[in-house]
């Protein structure tokens, strides 16, 4: 997130696209409602009629995967009416003319044809977003989990920069991170191409710095992304996989395929809290510690690095995660002998400029928002205040592309996936939690009343859902949350593993699979 | 029910030992009353918790009668 | 008779109208009829005296139209010969007929009605459907007069010298109910001589009626005259201060007395049972339900005028008296039912069978039954639907048993009449088919539907579908409920060794039960030891001595004298009571308990009681009489003051026995010394029932009765060895003074207020300290808590014969528990899962049966299924709804609610 | 060392209490903390704390596992009222509790108002227009017509994200099983919560129980004016049964419906 | 009787709400919102309020396991670590370090993530390290 959560309460306009905020980030949703009650305008663009939409000034349900077209359409209207921020564009950005050229084509009429959103609504959205400064744009996986994920993100940035909403308090482009420490995992270099602090492995200076610090020559070629690793497992290039606290069998697209390739591995190591679907295939299982059982830091969606404190000793024979890794690494011949997480943190900050000014003591309970380069630096509530990290902000001229898979005669329904409010990711943590489990005990697929009526489906009845990749059975939930032709299912439930159906096609740059769009068909199960 | 005017839907909780029996007796005596009531037999009106009443209203009842 | 389904078609079609005697002739019925709508069994019968066929040989319309083919004109009167060991006579009473009473214009004025007629007018099932209207023009009356003692306390116009006991109270009740029924303020005036509201809580009721505006006028009415040109009536009366008033009333109710029909006298004569001059049975006070023939017992008004609780008590007492003789043959003529093994349905998905009844044309004539049946077939979990002409018929039951087995039904829904009459029948069918009887649900599409919406078949059909849907939804969620048999102790505990306690104990022993008799003091007899004679003249002490001897000789009695109760555990069938006698303590087990702890004579600090030797209480006077004290010999003036400490703010009740007691004593004194001046200062003379004869006799032999009011009480001052009693005589409006040699105070009878005992047995007390029975009218010796019974003065002040009757009644009720092989617990009862209970005690405060205990160790509430009556109050009160009322749980109710609304 | 510290130390030393529940500042955050005889010097760190937590709920938790323990507790007026309710419902034994009182309270249940818990910020314009202002008094809410009131409350309930925080933080909610989670009573697995039954069921449970401490509203991510809602139901209880939760101690409202009841029918 | 309130961070979504973990006699007994935390200001969602439940769940696996002939066997840590190191080393020796993939976790601490990527890059010698940010 470029900005901080608390700032939303003072925004002039909040534009939420591709985020079911009340269910996935309820506390941020609370801030949005407060903002709204204080006078902010709220625009919600989502293919589903999500809960937050009930409070919006404008709600549009654009067709799955048509985000670029919708955003370009808004920008078309803004530019055409001269609502954009000339000064900001002039002083802080580059590449505007290229964008302008592309936008020319995205007339409301054309956009209506692609997205299904009426011309009038597009114009109203544009006017509301441009007319209520500062406007914060919030998105989540609804924007990123597409073959055009990067394009979608770029379009969001384009829109924000166009109206001078970047580098201002209560504005910005704000991806809501879905997991407690996604931000931290990225910051810490849990990516194939970068060291901690996004220092590229291929960058010689960086590589040298880390090689020296760690006392070992480090590979310079970027590694494989998870999506590529799956491929690698399939073709035999990857022989061993170490999985720390993940459950790809339920979270990855086309999980039927993953199932198959995991079996081909020579060695699978899984560290987790529970016997997950993935762990069941492991050769060795490491019992890790939960959040309550170890010290450490987490970096949240607004880049705030915060300390989690150990409340109890690890249960049973479980060990803190860092301890397990130290033991394994040492056994592999690369000694790691940290005595506590703070020691690790200090080593990390010494190598990571954006965390450079942080110490456990300074973090306290409130934490610090990076960049925090020096011991006296107060942290950064919002980014790009004076400059973009690359100097000038770049407009990307992005054209709309269809999702990888569109409905057709054989598979006439759009299927999209996501979360519901009481569960989290693959359900490993939430489904063992009695209160959360009791809220929703099984998977379901949302079907519009019209489609349910046409197919004579009853609420709660099991239905078969098929895609080109597989099929599952899942209970029907008839709801007006989805429109005709659209289906939605959460992916938390192993009994109804919706990711058997999803499309593994991924964004060429970000390698992010297109979870949010695929084509399926429904079959009533004969009694 | 007739469609041309508002016909309230009333859920009636009737105590087995009095009201339910009284309603039986109304039948025996061939008394006539509007057909808008849906009786539910309970063993005592004391068992009719506010939840029943809320649930009935939430489910679309226009009125709730508790007899006991 | 078995075929009749009480559909009423016959009565609708019968052409012959007859005066409806149940409604006192105020309306008509048909010649084929049910006597009244709550009749059991609910079957139609032909009144041969009026039936056109029987009278003229033609018609038989009912036979043609009866859908059940239940009418049989060939049926003949049958003579049955029964061999019985004992006979109980309870022929009831008839209301005095005032037709011959010209003075009250009853025969002339339709708006002059008897109290019985007025009862019907007030009744929802009466001639005017409970709307208060007067017969002449159906207008709502504005002003009603009640005239008391019509056919009672009257030897001039009729031969009924007794007081009918109940009329004062019913008149007060009628004023209150009439007031409630009236849309406008109603002017009620009651003309009376003495207000005899001597029953439990009656005086409070009377006071409240007065406060609510009912006028109570002390005056004997002599005439009710028609008011020419209207339907109203004129009443002339003399007020207490002697002035003559004249008032017009829209309606006059004659509070007619109770009498025994002449035909009963015939019957008694045939049986050889002796009757008194008023045709009531005649026995002594110690055998209140006995008759002159051993083995024949009597109860109810037949033994003397009395109200409902008294009648109910006597009924139980008569049953007890009969059982005492017959106990060796108990259970010798019963049959045992063996049920087939129960199918375990716990793992099965619901398979609901629905039986929709036409009830002849009763349902089918209004509701489109085939449509309902078809609809039932579309409901979830329904696998079988059948339409029956009469679902309750025996052949349908047999068929149902087959269907349940063939179709593997595990839930059954019958859409027909009402579960209140038919649930048991269908449940039995389930049992025969090997299903748990609680897997059954009824949809009431007759009483609640076709019969009340006969004019709207569409709506009735829709409602029937809804009712079936609701029943099916609930049925699918039903689970089998278990009833378990608990063994029990067949011993009884009787607390209190007075007349009541000893009587109850002996009755139980005579029926073969072992009794622990606990008496606090060191000897038996209680208050009875101090009483001289009963009102009918029997000496009490010899009777008590005999009782004590019987108790001491009885092997089945374990006597615990000087013993108190230290603790009580357990519940019906299985009480464990700790008895304490000095240092010694023991725990006994018993299945039932009778509380006969009595009451005591109070000694209020009034009228120099305790300060002056001339002032005595009733019991002290009895002692003087028994000992023929010289004090009496020399006395010239004896004054009795009534209601000392009764009917006041402290003790707002009537102590019931004192009026009679004073009259008795006065008579005894007068008989001894006819020259003695005896004054009785009273507020209302409550010599109810046959006691009225004593009152009359006392007046005749010169006892002086002077009324005083609560506001102007007599004053007693010491005057040497005598006491000067000053009072006002309202008749001559003068203050009088008497130098009394003896002043006898009718002091109140007060409760022991033993709260601890009440807590031990989980029974309640009313604000006056009397134990509170389960129902004041219908269950006068039971408590809400099972297995605990009540008799004697612990219940309320009462004379010996009533105490004996109640003691026998309590014994009889106790044997209903003691005679069981086992007690069945479970079924529709509450269950509290310990893991969900937070121990907040809420359920315990609301449980009216004391059926929930707190387990201090686990800190959770525990339901005692033996005590739970399944009211579900706990389930509603619990903040987390932890108590589950089985068979009516939340899931089932929510399902019904949801389905009630489509 | 202030007077509060002295009292607590004295109590601990004299074994009048075994532990004291108060607050202590950690990294600038006041947190609930237990002070014991073993760490008696720590009592010097005891503070009143502006942030309020349901200390009495913590005490009840201790009581359920250590019933023998004598507990001291820092008690604002709201804590004291909550304690009274917990006594009534047998969740705490008054014999085992000693309180150090702090004189403060913003609730109309008590008059004086020097509480550290201040009135909430005034509501934004939209809330005033279509919702219910949090600071409204019941009388003020009653000026809305029935329909208007229903609409406004529905708006507020619509915002609920079903965190159950109002219940979880509530010092007088102690049930092991909660009606709000009975799936047959209230639909599960969906947002918004079923309107209005979810909040009305909770309101029913708060009648005669809510002590107006305001913790629920503090914890509500959707800023629903829960205090007002519960104040309304409490007023009904007070009117019909003359029972005021938290101030009428010693008896449960059920016991009031005891042996001699004369209930005058009154309109709601 | 020991009672602690330990401030920590909710492990669910990316908001990072401040929580208080309630520890009674060394056992995790409940969760409360940290009222003064800047992220959530005393509010939590349903997941946060119940976060202690996933920790104390009976479903937790509390010891290392090794699979033998298709069945898991409980082993001591030393054995589990040794077996894993041996297997990995053998694979690296035979197929090179890039034949190993490592998935780190968006639910683990920064410290663990830092060590995991360090482990991949320095101990194994591969950049094949990723996590499920995209999923």
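Which chain is which? They are A, B, C, D and E, in the order written, and residues in each are numbered from 1.
In this text, a residue touches a chain if its C-beta (ideal position, glycine included) is under 8 Å from a C-beta of that chain, and two chains touch if they have at least 3 such contacts.
All figures in this text were calculated on a predicted structure; none of them were measured in a lab.
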Set of chains adjacent to chain A and to chain C: D
Target chain D, source chain A, minimum contact steps: 1
Chain pair with the higher count of C-beta pairs in contact (C-D, B-D): C-D
Most distant chain from chain E, judged by the mean position of its C-alpha atoms: C
Chain of greatest Cα-centre distance to chain D: C
Whole-Å gap between the CA centroids of chain D and chain E: 36
Between chain E and chain A, distance of the C-alpha-averaged centres to the nearest whole Å: 20
Averaged-CA centre spacing for the pair chain C and chain B, given as whole angstrom: 30
Inter-chain centre distance, chain C versus chain E - centres from mean C-alpha coordinates, in Å: 74
Chain B residues counted as touching two or more neighbouring chains: 50-51, 55
Shared interface positions of chain E, touching two or more other chains: 4, 7, 34, 37, 40, 43-46, 49
Residues of chain C whose C-beta touches two or more other chains: 846, 877, 881, 890, 894
Pairs of chains satisfying the touch condition: A-D, A-E, B-C, B-D, C-D, D-E
Footprint of chain A on chain D - complex, ascending: 26-29, 123-127, 131, 158-159, 161-164, 181, 183, 188-189, 191-192, 221-223
Residues of chain C touching chain D in the complex: 764-765, 767, 835-842, 845-846, 859, 877, 879-882, 890-891, 894-895
Chain B-touching residues of chain D, taken from the complex the two chains share: 179, 185, 194, 196-197, 200-201, 204
Of chain C, residues touching chain B in the complex: 6, 8, 37-38, 42, 125, 129, 418-421, 444, 446-449, 451-456, 459-460, 462-463, 466-467, 470, 828, 846, 848, 870-873, 875-877, 881, 885, 888, 890, 893-894, 896-898, 900-902
Complex contact set, residues of chain E against chain D: 1-5, 7, 20, 22, 24-25, 29-30, 32-37, 40, 42-46, 48-49
